[in-house]
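Structures incoming, each one as C-alpha cells.
Presented sequentially are two complexes of chain A, the first with chain B as partner and the second with chain C.
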Partner chain A sequence: MKKRVLSFLTAAVMTTAMILSGCSGAQTAATTAAPAATETKAETTAAKTEAPTTTAAAAEKKEIVVGFSQVGAESDWRTANTQSMKTTFTEANGYKLIFDDAQQKQENQLKAVRNFIQQDVDYIVIAPVTETGWDTVLQEAKDAGIPVIIVDRMINVSDDSLYTAWVGSNFLQEGYDAVAWLDDYLKKNNKADSDINIVTLQGTIGSSAQIGRTNGVEEKMKDHPKWKMLERQTGEFTQAKGQEVMESFLKTYKDINVVIAENDNMAFGAIDAIKAAGKTCGPKGDITIISFDAVAAAFDSMIAGDMNVSVECNPLHGPRVAEIIQKLEKGEKVDKIAYVKEGVFPADTAAAEKPKRQY
Partner chain B sequence: MKKREKIDGKVFLLIITIVLFLVMYAAGLIIFKSKGFAKPQVFLNLFISNAGLIVIAAGMTMVMITGGIDISVGSIVALTCMMLAWMMEIKGMGAVPALLIVMIMGIVFGLVQGFFIAYLKLQPFIVTLAGMFFARGMTAIISQEMISIKNEMFLKWAKSKINLTFLGGTVNKKGMVNYSFIYPSVIIALIVLVCIFVLLKFTKFGRTIYAVGGNEQSALMMGLNVRRTKLLVYVINGFLCSLGGFLFALNTCAGFVEQAKGFEMEAIASAVIGGTLLTGGVGNVFGSLFGVLIKGTIETFITFQGTLSSWWTKITIAALLAFFIILQSLFAKAKEKH
Partner chain C sequence: MNKGKAFIKRLTGYRLFLPLFCLVLVLFSNLIKTPGFFEVTIKNGVLYGYIIDVINRASDLVILAVGMTLVVAASGGTDISVGAVMSVAGAVCCFILSGGQQSVNEFVNPYILGVLAAVLAGILCGCFNGFLVAKLKIQPMVATLILFTAGRGIAQLITKGQITYIRVESYKMLGSSIPGIPIPTPVFVALIVVLLTYVLLKKTTLGLYIQTVGINAKASKLMGIKSSMIIFLSYVFCGLCAGISGLVASSRIYSADANNIGLNLELDAILAVALGGNSLAGGKFSLLGSVIGAYTIQALSTTLYAMGVSPDQIPVYKAIVVVVIVALQSTELKRMVSKLQMNIKSGKKVA
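Take a look at the complex of A and B:
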C-alpha cells in the first residue's frame, strides 16, 4: 500500500510540475526577450519630456504594464480589436501587456481585474462584456490608484470618476459621414436638385450603434429638404431580417432611391432582396446602398458592384488607448471620451483599400 | 497494512486535494514572486470571486453523497440574480423582501425536484436537466435584457469592504496603501460551509445521508427513511442554490440570462476534485472548498502569467479531473480487495 501511496504522490507532483513548467517556460522566454526591447524603449523614454520623478520611479517607468480584459473572440471585429491591442502594447513600444480573455463572462472579467490590481499593473483596460456590475471592482482599482480605461462598450456606474477615459466609436459621427457622402455623391451625379427617397434598415433598437447612426442621419438630413425618409424599420443587425424588411419596403414603395443599412449584414440582405425583385443596385444600378461597419465582406460586395459605400466602425483601439496612457504618464489631463478615427469607404476605392484592411 | 486502516481512503483523497492546492500555491509564490502573488489579497480574492461557487459546491457535495446529481444549479443562480434585479429595479421592491422571495423560490425548486427524485424515483440527472432548462427559460422570460441592480441597500451590502488591517497593508507603485479586505459574501459562504460540515458529520441526518449514498438497500433495511432524507437534501440544496445566487449577484450586481452558464459543471468538478465520489457515500465539503480554491488558483496563474489563453484553465481542470477519477477508481478497487 505504501508503494501505491507513493505512486499517487509522485503522479500528483508530476502533474503540477507539468503545469508549472509550462508557465515558467513562457516566463523565462518573456524575461529574456525584455533586454532586447529596452534599447528601442530607451529612445522613446528619452524623447519624453523630463517629468520631476525620483530615480526609482524613472527606472520603473521604463516598462508600462497594461492589463487588458477582453470580452472574448466572438467576431472578426473583436479579433481585430484584440490584435490592435496586442500589436500596440508590445515590449518594443515600452509596454508589457497582460491579456485576459473573459470568454463572454462578466464574472471572469471581475476576477481578471482583481488579479490585475494585485499584480500592480500601471493601467487597466477593459472591453466590458456587460454595461453593469462594475461598481465594486472599479472602486477597488480606484483605491489602488490604478487608472481604468474602458474601450468599445460604455459602462454604467454610479460614479463617473471610477474610470479615467472611454475609447470607442462615434456612432453619431458615422451617421453624419453617411449623409455627407450621399450629398457629395448626388452632386457628382448631377442629382443634387432631384427628389430622393430613402429607407433605413435600423439595427437592434436601443443598441448604441443604432441610436447613434439613426440620430446622426436624421439630424443632418434636416439640411436637405429634397430628401425624404419613407420609412425606418429594424432589421436587428442580421442578414435574414434585413432581407425580409427590404422585401416589404420594395412592395410598399415603388421609387426607392437610397437604402441606408445600419450594418453590413443587413445591407447584404437588402441587396439580395433588391436583386430578387428584379431591380439593380450599386454604383451602376438604380438603388444606392449605404452601409456601416466596413467589414471585409463589405469590400467584396463593393468590388462586385453591389454596394456604394460603407462607413467604418473602427476596431483598432490600441493606438488611441496608447495615446491616452502616454498623456497620463506625462501627468496631462485626458478627455473622458475619446473617439477612434473612422473612415468612409466608397466603392471606387474598395479594390485599392482591401489589401490594406486588417479585419 | 495496519497503518492504512487509520488513514482510510476518504481522508486520503482529501489530503491529496489539500496537498495539491498547497503545492500549487507554493509554486505560484515562487514563480510569480516578483508580480505580487505573495500578497494576502491574492488569496482572499479566491474567496471573493468564488463565494457563490463555494456555497453551491457545498450543496452539490451533499447531493452527490446521496448518489445523486443536480445540474440545475447554474440556471437557478441565473434565475435568482434575474429575480433579484427584476424585483428591485422594475418592481421597486426592497432588498430584504426580494431576498426572502428568492430564498423561498430556491426552496420550492428543491422541493419539486426532490419530490420527483425521491418519491417518484426518477433519475436525478433527467429531473435536474428539466429544472435547468426551466430555470434558464424563466430567466429569459422575465427579461432578455440585462438588468443592472442599483438598489441602494443591495449595493451597500455588495460594496461594504471589510478591511483586515491586522494582515498589514502593502504600498503599491502609485504610493497607495492597500489593506487586505473581504466582502460580507465571503463570511456568509464560510459560515454556510461550516454549517453543512457540522450537519454532515455530527448529526443523525448527516450520517443518514452517507448511509443512503453508500448503500440505499441496506439503509432502507436499517429502517432509515431514505425518501425523506433525499427530499430534504434536495430542499437544502435548493436553498443553497438561491443563497449562492445571491452571493453571485452581490459580486456582479446584475441580472442577465447568460449569467452563470456552466456553473453546475464547475461545482461538480470542484466536488470531484475535493474527493466526492460520483457513486455516492463519500464526500466532504471542505474537500469541495479546496476544489474551488484549486480552480481559482489556476485562473490566477493564467492571469498572472499574462500571455496564456484563459481557456487553459479548462484544460488544466480536465487534467485534474481525469487524475482524480483515476485515483478514485484505484481507491475503490483497493477497497474491494479487502
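Take a look at the complex of A and C:
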C-alpha cells in the first residue's frame, strides 16, 4: 500500500513538474516574442510618421540590424571589445545592435545565432567561445542569406564560405613587432653587438596567441645571430605560473638579459620573481621585459618603471567590422581576413598614452 | 648483517616509507642535471634556492591536501570544488579590501576584515557541500560539482568579471615574506595548518571518529557516533582549508583572478592524498602522507622546470612519474611481484 502511494506521489510530482516546465517554456517564448512584436509596431509607427515627409529619404535611412554574440565578460580586454561594438553600431551611425552575452557557453551562442536568424537581422557578428562546432548553425545563417563576420578567435569549419570575413589580431605580426622593438632598443643603448640571452614565458600551449607570438619571435630571431633563446616554458597566461617559471629560470641561468612574456599577467609575475631574486628590471634595470596585450595594468607597470614595452593586442574591433559591413552594403568584395591595427607601447610613452586608453 | 636487514625491513614496513622514498627520489633526481639544486642562499633577506621554491610553492597545495584528506577519509568521496572555493575566497577578500574598486593602493577596509570574510566564505562553501553530502546523501563528487562549476561564476560576479588588484605591501606579505623573517610566509601558514590539524586529530577523538565513520558509517552510527555530523564537519574543514589556501594564492599575485586562482588544483589535491598512500575509498588515513604527497607534486613540477623539459612534454613526464609512484604503492602489485618471485623460486627447485 505504502509503495503504491509513493509511486502515485512521484507520478504526481513528475506531471506537475512537466506542466510547470512547460509553462515556463511557453512563458520564455512569449517574452522573447514580445519585444519582437513591439519592435515591428515601433517600426511601423516610425514609418507612418516619416511617410508623409519624404519616402525616398526614409528608404535610404533604413538602419542596418547587426546581431552580435559575445563570449561574455571575462577580462578588461573583453569588456573593451564589447564596448567597441556598442559604440560603433549606434543608431546615430545608422545601425541597430542586438547584443547577446553568451556567458562563456557555446550553446548560448548557437541559440543567439538562431534567434538572430529568426529576427532576420542584416548581419551576424560572432566572437566565438570555441573554434569548433559551428558548421550547422552557420549553414542555417547562410541558407537565410545573412552574412556572418567572426571576430577575435578563429573558427574551424569544413567550408570557408560559411563566414564572410574574420576580424582579429595578427599574433604573428605582434611577435615580429616585439623583435623589431628589441632590435631598435639595443641599437639605441649601444648593445647591438653584445650577446643577448633571452627567455620566453609562453602562453597556454596550443592557444592561437601562444602559437602566433612564439613563431613570430622565432622567425625574426633568425636575423640576429647574437641573440640566444635560452629556454621557453609555459606560464599558462597566469601571473602565478609566470612567477613560478621565472623563479626557476633565474636559478638556472645567471645571465638573462631579456624576458619575453606572452601576456601582461605573466610579465607581472616575472617582475616579482626578478625583484625577489635581488635583480632589477625595466628601462633602468638589468633585465629587459617585453610583454604582450598592453592592458591597463601593464601601463601602470611601465609607469612604475618595471616593464619596458608591451605590444598591443587591440580589442577595438568595432570600426573594422563596420568597415566590412559598409563594403558589403555597397556590394563590394571584402577580404576574408582583416587584421586590426595594433601598436607597440614602450615605457617612455606609457604615461602619455595611459589616459587615452579605453581598456 | 642480520641487524641491517631487520632495520631495512622495519624501515620499509613503516607506513610513510614509500611516500617519503618517492619524494626523496624525485628531489635527488635533480642532482643529475642540476647539481646546485639543494643550494640555499639568502637574497634580499629571504632564503633563495630551488628547494625553497618547492617548499614555498607547495604550501597552497599542502593546505588543500589537509582538508581533502579528512573529506576522503570520512566520506570516501572527494571534494572537487576546492579550487573554485579558493577563487571565491580570494575574490571576497579582494572585494572587501578594495571596496569594490578595480585597483587600489591602500586598504579601503581593515585587512583583518577581508581575511575573516574570506575564511568565512570558505567555511560557508564547505557547509553547503557538507549539507548536500551528509544530510541529503548526495554522491560527494556530484554534490561538490555544483560549486566546482558555480564557484568561479560566483567569484566572477564578486569581482565583476575583472581582475581586482590590491597593490599594498602588507597584502603581499602573506604570499611572499615578512621583512626580517628569512622564510617565506606561505611555509608558515602551511605548517600551522598541518600542526593544528594534527593536534586536533590526535588530542581529540575526532581523528578516530573520522576513521570509524569512513570505514563503516552505519556501524559507527549504531555505536553512537553522529556519522552525518562527522562527514559534515569534514567538508566544513575542507572549505576552511580552501579559504586559507585561496588567501595565500591571492596574496601571491596581490589580486583576485577569478578565472585562474586554484585552477585544476582540486585534482592535484586529490592526487596528493593518493600519493600519500591513502585509500580514496575512505577509512584509515595518514595526514602526513598527504602532506608528503603535496610536496612530491610540487617537487616534480619544479624538477621539470629545472631540467628544462619543453612545455608540451611536461604532462607526459608528470603522468609517467605519477603512474610509477602509485604503482609502487599498490598492494596488488606487491602481491603480484611476490607471487612471481615464488614462482621463480619454485621453478628453480623443480629444475
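As a convention for this text, the second predicted complex is superposed on the first by the 299 of 359 C-alpha atoms of A that agree within 3 Å, B and C clash if a C-alpha of one lies under 4 Å from a C-alpha of the other, contacts with A are read in each partner's own complex, and residues count from 1 in each chain.
Simple rule for what comes next: contacts are C-beta pairs under 8 Å (C-beta built on N, C-alpha and C of every residue); 3 or more make two chains touch, one makes a residue touch a chain.
Values in this document were obtained by computation on a predicted structure and should not be read as measured data.
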| item | value |
| --- | --- |
| Touching partner for A:76 - first (chain B), second (chain C), both, neither | second |
| Touching partner for A:99 - first (chain B), second (chain C), both, neither | first |
| Which superposed partner A:136 touches (first chain B, second chain C, both, neither) | first |
| Which of chain B and chain C A:232 touches, first, second, both or neither | second |
| Which of chain B and chain C A:252 touches, first, second, both or neither | second |
| Touched chain A residues, chain B compared with chain C | B |
| A:202 touches, of chain B and chain C: first, second, both or neither? | second |
| Chain A to chain C touching residues, read off their complex | 72-76, 78-79, 202, 205, 231-234, 236-240, 243-245, 247-249, 251-252, 265, 268-269, 272, 275-278, 297, 300 |
| In the complex with chain A, residue positions of chain C that touch it | 34, 36, 43-44, 46, 48-50, 53, 57, 103, 156, 160-163, 165, 176, 249, 252-253, 255, 257, 259-261, 263, 301-302, 305-306, 308, 310-312, 314 |
| Of chain B, residues touching chain A in the complex | 1, 4, 12, 16, 19-20, 23-24, 27, 31, 35-37, 39, 41-42, 45, 48-49, 146-150, 155, 158-159, 172-176, 178, 183, 248, 251-254, 256, 258-261, 296, 298-311, 316, 319-320, 323, 327, 330, 334 |
| Contact footprint of chain B on chain A as seen in their complex | 1, 4-5, 8-9, 11-13, 15-16, 19-20, 22-24, 26-27, 30, 60, 67, 96-108, 110-112, 114-116, 118-120, 122, 130-133, 135-136, 139, 143-146, 156, 158 |
